[in-house]
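So that you can tell them apart, the chains are marked A, B and C in the order they are listed, and the count of residues begins at 1 in each.
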Amino acid sequence: MVDTILVPGKTVPLIVFLVIVVSMYLMMRYASKGKVPTIRTLPAYGAITEAVGRAVEVGKPVHYTTGTYTFVGQTAGGSAALTAGLSLLAYISDLCLSKGATLISSCAYPEVMTIESEILRGSYLKAGMGDEYAEVEHLRYVPIVSSCAPFAAGVAGWIEREKPATNFLLGPFFFESLIIAEAGYHAGCFQVAGTTSAGYSAFFLACCDYVLIGEELYAAAALATNDPIQAGSLRGNDVNRVWIIALIVIGVVVTLLGMKTALVNLLSI
Amino acid sequence: MSESKGILDKIENMDVRIIYILVIICIAIPIIRPMGLPIPISESTISAYDFINKLPEGSVVLVGFETGAAGWPELGPQLNIFMQHIFDRNLKPIIVSGNVDGAQLAEMYTIPKMIKPGKVYGEDWVNLGYIAGGESGIAAFASRITSVTPRDYFGTPVEDLEMMKNVTSAADFKLAIVCSWGTPGHADYLRQYTTKFGVPLIVGAQTTTVPAIVPFYQSKQVVGYTNGLRGAGEYEILTHHPGYAVASLDAASSYHLVVFVLIVIGNLAIVAKRFVKKKEGT
Amino acid sequence: MSFLRSRYINVAIIFIAAFLMIFTYFFNVKVLSDAATLVQTTVSLFAAFTLALGAMNLTLIAYRQVQKKAPTALFSVLAIAVMLMMIITGLIPPLMNSPQFNWLYNNVEAPTDSTMYAMMVFFVASACFRAFRARSKEALVMLVVGSFIIFTYAPIGATIWPGLPAIGSWIEKYPMTGASRGFSIGVALGGLGIGLRILLGREKAVTGE
């Protein structure tokens, strides 16, 4: 009965999954009860304040984009990075309002635009400036359907014309990452970027002043929101990394001892 | 000395327009006058080729046209040569796409060029069109094909297609090939076809995504992959159908060479500036 | 209608859908597998509807631009006109394959899309020229490794010296793959954390709070 209910070959993945989820949940619970772990400072996160300050000095706007992913459809795989990008948008929006900088955000999907509009409106209300928020002025909708080329063209063109002081690219990106980052470089923007894609991080590293690579984006979102649950989740990631490293070491030792087949058979139960 | 420093500064901060002009020249010349450079074949391309060669005739192969018009210059040649090889081997491809124009690109640019005489639509290949919903759509498709594609690209009910009579889910596929420029990508296909149904996967990759594919190739979850336009050229040579990709590789070589030369020039400028600074200091 | 915006309803829907997906990945229970397929099919339907949502949103924004006499109002009108042209020609039989639609796709959409992607060629060249500077030890290592990888991917590399692609392949197979695996594991764990927070209703960014 157990064999037919449990999909063959999924016993070990199920155990690993449960271990990872339970340890992450426990770390989040400890953090919510006050045992908040310390997150090391990320240079790129520290540069956000500097970037906004530069925009205030120069008197030019701050540009923000989370890329060309959304929560449904073919780009739903980037939801986690998009969520982190939206958390950072809330933080940067509050920071801009407190320092007197104008934030303009570009988005590619209507559902993301709705969420960004809510975030920005919330920031303005929190700062007591609810009347000053105007979606038409602070949100740029550059729609895409099958390709991020229109978004890249629209945003790059806007950056070339308006020359914002600062350009934030935080979220999941496709090839528009290079086009927008290069446009920002040539416009003289101070650029802070972050994405979870290895290939496109390389483009950011070539064009931007500070980059959050991979998981650092999630860490920056945890720092930005000051949410103990997010910090606990990061601690959970670290704990799980220990399990995974242990598994890797066991795998290497077993392979060197010539028992690789037995291990593969065990993992295929 | 300060004059030489000024020249070195100019080289170090070269106007990008000069770089762009150099790139245009270095790409245009080999296209106008091909050099015919030898093309070594990668092991990963040979693996993909051998796997398709070993499939029995009549095997059903899923081909994911996961690209739009923008990605077609890099992925199109790979898809074309895969389809040509599939038709040569008398395999039966099912074309799908999680991108809105992928299936249309197949009908416009691949099928007219790669179809062999005597092949009949519905018996020898089918195009099931666009699958909405990204990975969710793929998952639903893999579990039961008619759940998300009850009709094919042309509106014919899937039950009426001769080839689909015994093909109801991903368990009936002998191979999945995906050429993707983003999402749905090799990771989605790996999760929904390979891990769930044990369908072997071949990836036609963009060069930027190769680092993410190599780990799966080493662990044999991906049985072979082609690396961008170069991979398409290698595959064209293996299948004895040299075409667009092979013709473009000379231009790719000269482009890589000019980028390397620019990098060297930039670094030489830095070294020379340090040397001049030292000399000025003494 | 306000109960539909209730956080608890949203979290309940997310939890049930996610639980179905996760459970059916590991366990074979026919009723739940059928329910999971139904959820996946429904999500596909929603995704298809978002295309229409995008078109409506674009029209609304263009209308607002024209109403406010914004400087880019003309371009917004042009965007709507082009969108309507593609929709109308796509509805001419044979659907999505009429000569008019194909002409617009082949001569407007495909070349413009391909051009934007092709611009990457120039941007990569200028970015490489700027980025690969040996200003420090780490940058020198990146420069050397990058050079080997350039000649591994270029067919001319083997012509210049067979050792170039050989060394580049070794770098790709071992150090790069190791780093790539570590990167993927880290990103996957981070994604799992966010997924767990969304599941438990603890992620505010998703609901715009």
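One rule holds in what follows: contacts are C-beta pairs under 8 Å (C-beta built on N, C-alpha and C of every residue); 3 or more make two chains touch, one makes a residue touch a chain.
On a predicted model such as this, the values are computed, not experimentally measured, just so you know.
**Student:** What's the fewest number of moves from chain B to chain C, given that each move must go to a chain touching the current one?
**Tutor:** 1
**Student:** Most central chain by CA mean?
**Tutor:** C
**Student:** Could you tell me which pair, A-B or A-C, is linked by more C-beta pairs in contact?
**Tutor:** A-C
**Student:** Specify the chain most distant from chain A by Cα centroid.
**Tutor:** B
**Student:** How many angstrom between the C-alpha centroids of chain C and chain B?
**Tutor:** It comes to 16 Å between the two C-alpha centres.
**Student:** In whole angstrom, how far does the Cα centroid of chain A sit from the Cα centroid of chain C?
**Tutor:** 14
**Student:** Whole-Å distance, chain A centre to chain B centre, using C-alpha means?
**Tutor:** 27
**Student:** Which chain B residues reach two or more other chains?
**Tutor:** In chain B, the residues touching two or more other chains are 16, 68-71, 100-101, 132-134, 136, 211-212.
**Student:** Of all the residues in chain A, which ones touch at least 2 other chains?
**Tutor:** Residues 72-74, 145-147, 149, 175, 198.
**Student:** Where in chain C do residues touch at least two different other chains?
**Tutor:** Residues 25, 43, 46-47, 51, 113, 116-117, 124, 126, 128, 130, 180, 184 of chain C each touch two or more of the other chains.
**Student:** With touch defined as at the start, can you tell me which chain A residues reach chain B in the complex?
**Tutor:** 72-78, 145-149, 174-175, 186, 198-200, 202
**Student:** Under the definition above, what is the set of chain A residues touching chain C in their complex?
**Tutor:** 4-7, 10, 13-14, 17, 20-21, 24-25, 28, 70-74, 79-81, 83-84, 86-87, 90, 109-111, 113-115, 117-119, 122, 136, 141, 143, 145-147, 149-150, 152-153, 175, 178-179, 182, 185, 196, 198, 203, 205-207, 213-215, 217-218, 221, 225, 227, 229-230, 233-234, 236-237, 240-241, 244
**Student:** Going by the contact rule at the top, pick out the chain C residues touching chain B in the complex.
**Tutor:** Interface residues on chain C, with respect to chain B: 21, 25, 33, 36-37, 39-41, 43-48, 51, 94-97, 102, 105-106, 109-110, 113-114, 116-118, 121-122, 124-126, 128-130, 132-135, 143, 146-147, 150-151, 153-159, 165, 172-173, 176-177, 180-181, 184.
**Student:** Can you check the complex and tell me which residues of chain C touch chain A?
**Tutor:** 22, 25-29, 43, 46-47, 50-51, 53-54, 56-58, 61, 64-65, 68, 70, 112-113, 115-117, 119-120, 123-124, 126-128, 130-131, 180, 183-187, 189-198, 202-206, 208-209
**Student:** So in the complex, which bits of chain B are touching chain C?
**Tutor:** Its residues touching chain C are 14, 16, 19-20, 22-23, 27, 37-40, 68-74, 100-101, 104, 107-108, 131-134, 136-137, 139-140, 143-144, 147-148, 154-155, 196, 207, 210-212, 214-215, 218, 227-228, 230, 233, 249-250, 252-260, 262-263, 266-267, 270.
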